[in-house]
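As written, the chains take the letters A, B, C and D, and residue 1 is the first residue of each chain.
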Amino acid sequence: MIRVAIIGASGYTGAESIQIILQHSEAKLVYLTALPEECGAVGDVFGQFKGRCNLQIEPLDLKKLSGLADVALCCLPHKVSMGFVPKLLDAGLKVIDFSADYRLKNVDIYEKFYGVKHTDKANLARAVFGLPELFREQIKGADLVANPGCYPTGALLAVAPLLKDGLVDTDSIIVNAVTGISGAGRNPSSKFHFPNMNENLFAYGIGSHRHMPEMEQIASEIAGSDVRILFQPHAGPFDRGILSTAYSQPKGKVRSEQLLQLYTDFYKNEPFVQVRKDAPAVKDVTGTNYCHIFITCVKGRIVSFSAIDNLVKGASGQAIQNMNIVFGLEETLGLT
Amino acid sequence: MIRVAIIGASGYTGAESIQIILQHSEAKLVYLTALPEECGAVGDVFGQFKGRCNLQIEPLDLKKLSGLADVALCCLPHKVSMGFVPKLLDAGLKVIDFSADYRLKNVDIYEKFYGVKHTDKANLARAVFGLPELFREQIKGADLVANPGCYPTGALLAVAPLLKDGLVDTDSIIVNAVTGISGAGRNPSSKFHFPNMNENLFAYGIGSHRHMPEMEQIASEIAGSDVRILFQPHAGPFDRGILSTAYSQPKGKVRSEQLLQLYTDFYKNEPFVQVRKDAPAVKDVTGTNYCHIFITCVKGRIVSFSAIDNLVKGASGQAIQNMNIVFGLEETLGLT
Amino acid sequence: MIRVAIIGASGYTGAESIQIILQHSEAKLVYLTALPEECGAVGDVFGQFKGRCNLQIEPLDLKKLSGLADVALCCLPHKVSMGFVPKLLDAGLKVIDFSADYRLKNVDIYEKFYGVKHTDKANLARAVFGLPELFREQIKGADLVANPGCYPTGALLAVAPLLKDGLVDTDSIIVNAVTGISGAGRNPSSKFHFPNMNENLFAYGIGSHRHMPEMEQIASEIAGSDVRILFQPHAGPFDRGILSTAYSQPKGKVRSEQLLQLYTDFYKNEPFVQVRKDAPAVKDVTGTNYCHIFITCVKGRIVSFSAIDNLVKGASGQAIQNMNIVFGLEETLGLT
Amino acid sequence: MIRVAIIGASGYTGAESIQIILQHSEAKLVYLTALPEECGAVGDVFGQFKGRCNLQIEPLDLKKLSGLADVALCCLPHKVSMGFVPKLLDAGLKVIDFSADYRLKNVDIYEKFYGVKHTDKANLARAVFGLPELFREQIKGADLVANPGCYPTGALLAVAPLLKDGLVDTDSIIVNAVTGISGAGRNPSSKFHFPNMNENLFAYGIGSHRHMPEMEQIASEIAGSDVRILFQPHAGPFDRGILSTAYSQPKGKVRSEQLLQLYTDFYKNEPFVQVRKDAPAVKDVTGTNYCHIFITCVKGRIVSFSAIDNLVKGASGQAIQNMNIVFGLEETLGLT
């Protein structure tokens, strides 16, 4: 039985991780931490766990943690995480890190987009990008997995086979995505105040979203050459889900059936990717670790669509999928 | 042309008042104020007014206000309002006050429910409760109108004819109401953060909501004897509207048809009340100053329903209806 | 391993039942049926099961069913169900029936509210009402369980301890409830067309809802004397959940703390009931089989609140809870 | 006072047209028609008009209509409209037609996308495309105005200045748009059943949406050469609004400031277009006839955004803007 600690358990990804581990037959929660002002009984911090989980969320005590857990799901925010991950590793735990701190291999890009010095370059260098569909072999046995961002997960799965096969111009890709509001985290703000966000839809992060360099790095790795992606996120009036619509320019002539076959083959052994024959709907993946994908040609361009639940395949579900791989468990345990 | 100042224009009731006055053929906006940190061009404070209103929202300057406006729609919060209303009156303006500060005639009850000393008892004594359907004559020519609370507006219109005719036990009334979230104001909070409030519904203010004594005071005035009301509010996942479901015990035998006729007659000259032959729906009144009502008997009890838009008939619309009455204008001007 | 057939699997309760059984460690799906026009691969009928369930939904073939399954979750509509249940029982299956056909012991009341003759009075007489919190002993080993209606589940759990202890006037109970729209089923209609229902809220079934006699029958059984309930349902703009607000008149003097203690004790061994110290929120129970309850006194009356997910504790979850009890499994298997 | 008939008044665009004309100081409703099964008092067909409009919606009687009205807002569906418009014109009315029947000048394209023969080519040839920002002069005095589709309105306003100035490759434009569900009309369907559409988002009309050729025709007219547009619509969980995100490839080097200035100048006299300095939000235009636009450069491409209310600027509001122009009234009358 894998013993799981959740560091930074008081946010939405923490809650989703708790939810999943509670149903995991080979893993159990042993330690939950948060900032002192966000601590308390799990059922008080998150009403949905009343009666379902009797643990306390408590301030992190590294001494206590050491020996208590086998793995840390580290749900700390960007910039904060890299201050704790080395200590978690030193304490002998495997770490699945939810932040961006170990995703961007190019430190300059990290420092430009996140506005701080990177303080843990050694671990950054050896961290594995936790997208199992592309990096499963590296994840096996890794000590430190950088769990992908929600947008990159959906976008990369939507274009990976095209890049792998070199079918598209590497500077032609546009990813237009819409996310549900759980992606904005649990802290209230004017923008996401219910009467402001409800019945609303808007673009944000224009030309500046931090998931853009993350997509480009991994896309380039897949393609084996530099890939440029124009990524435009939007926020929509729903809780969960990301729908990504990716446009790209084929190098040569392609047909829809051929692309659909390519994708079906590429993902045929993937437990959590479904290549569909019609457009995916966010609601079909809500609450699951699945990514639904459709691809077709329109007027000489390729349009591919992917739908994921941002909190599951886009965060906690994928983290636990990674955890299962790291520990050699069946990859789908605890996940639906 | 009535010159209108809005004091405290940076909240939802301010925005709704602006919206209505912009379409009013006999009134115009001349002055908008807010706390310094909430000031700016109207179109910047509220995106929906870009190009539609070129005024600035600025800090209140009483000297500037004097002579500039004929009436103040005072949208300040409870407890704050009574500090400004005397000055607005002194400046020669008529005042329609949105707060609770001039609604509760019994100072003890006010002080108990609002937790502060009342500092303007003189004006409290002469303020008129601005529910036109019941107090139209007193509103005409009043200097200071206490605009009713949103819940009391819906609840009182749902039960007034019963009370007026002495048909029900005065301690039997239960008002179960559900409000949209614009009723909670424009300040973000954890409870009304989109991912917390969306797909949610809960009761609040159990036994303690401040609109309960307001309902009881006016209901007692209508009935001519003490009325006790058990009022239970709930918050639901929509922007606007209050649906009130009122249960009461008839003193004698009553029939549904008789009640429907009573209500139809009672409200027959009211421009903004519609007595229906079926249950009202919140969406039928959204964006309007209307109150839709249905009444029937079920198993020996009376059940009446009312739907209003909390920001219109429950706040800004009713305020402007009151303003129209005060100034002898056609009562429906600017309102739909 | 219990072999489960779902009869009428193409609606929302069918989908929810599939969802739960897929995660059940001691039960598996073996047979899914629907009307011919609603048949097909599960993943085509319900997009969310693509890749998760490879069964076909097919027209019911009783010969095929016999010997194939141990239990039928019968999700057929009212009036239709009683035509099939006897055949399912004859085929040797245990039956958990989701319809109202086996809930109302008084045939006259059934025939009045459902407008048809009851055609299976023999089985009606021996069916057990499947509310485990009240009838667990009878459910054990039963052949036919009448799974309770969604509203009665929430309402009865909110008032049962009061009735059991004889604390309230048995003709004083009012249940005001709001349901999410999944409760209206999967067939599209004008009323529940998205642009009509979104941002809307309304009462329906005034004085005539079929769950009223069901509540009264069971409440009377609990109280040991005739109980009359005024039940008023409403529809609100969310997918899942029922919030019930129950008002009742205590016979003598009661205090809030005493009631809370009574409820805490009454439900202390119940795996799926949580008595809270604050108002329950629908979102805290969404997707779970839990019922959250709060009770207090307001102005001499008792107000109790309950929240359930109408598709889980109000339908499929409770059905599987009943199935677990019938087969002597751990009661919580498959449920969260 | 312009006398207005609404032909096909029982749908959402009919209701929105009624709503607007009720507030129009120089126009009044005189005649409302619908299919026999959708007729009745306006307040019964649309609950929101109870007490606000006492007209009947009745089956169309051309003899009655003649002489009664000056203009017909023809809200009939595609393919049906062209059967009635000639008769309305013959009856001496000006016609603002909401359907696509008079928008596509190329009959072959019309017949391909709509699957029927065009039966009124004479009027098609002389119909004016009613996008006032681009064709105001032609609209003045026109007998027949083809009111633009909702998507083309938003998309064309987002890219028109670029095309007019020849700044972008004419085959590079991608329009990614998300609409609220009122755009799907008033007829219930499985897809837009509340529990299916709520919390959902999906693409549709992939490569085949009928608004694509409409966009291309007008875009080509603006550019003076053939323009190809890849248009991808999506449906999102809200009532009203379309957010269009348009991507295009500049021919040469452009800067964001320059583009913003170009747009500001292009639309500077437009009463209903606001060029913003930040991303537009759907909620800022809900219920108004405004189009909010932002434009910028990202990674060598141009991205422009527009937000409209699909039922107002995208349908009824624009129709009445056109009506005002046709009759020489102030263009903004009745509109907000």
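Observations
As a working rule, a residue touches a chain if its C-beta (ideal position, glycine included) is under 8 Å from a C-beta of that chain, and two chains touch if they have at least 3 such contacts.
Fair warning: this is a prediction, and the values are worked out from it, not measured in the lab.
Ranked by how far their CA centres sit from the centre of chain C, the chains are topped by D. By count of C-beta pairs in contact, B-C exceeds the other of the chain pairs B-D and B-C.
Centre-to-centre, using mean CA coordinates, chain B is 39 Å away from chain C. Separation between the centroids of chain C and chain D, computed from CA atoms only, is 46 Å. Rounded to whole angstrom units, the spacing between the C-alpha centres of chain B and chain D is 36.
Multi-chain contact residues of chain C (touching two or more other chains): 180, 196, 198-199, 237-239, 280-281, 283, 286. For chain D in complex with chain C, the residues that touch the partner chain are 12, 180-182, 184, 186-190, 192-199, 237-239. Contacts from chain C toward chain B in the complex involve residues 174, 176, 178, 180, 196, 198-204, 206-207, 228, 230, 232, 234, 236-241, 243, 245, 247, 279-283, 286, 296-299, 301, 303, 305, 307.
Listing the residues of chain A that touch chain C in their complex gives 19, 22-23, 25, 47-48, 50-52, 199, 271-272, 274, 276, 280-281, 283-288, 290, 292, 336.
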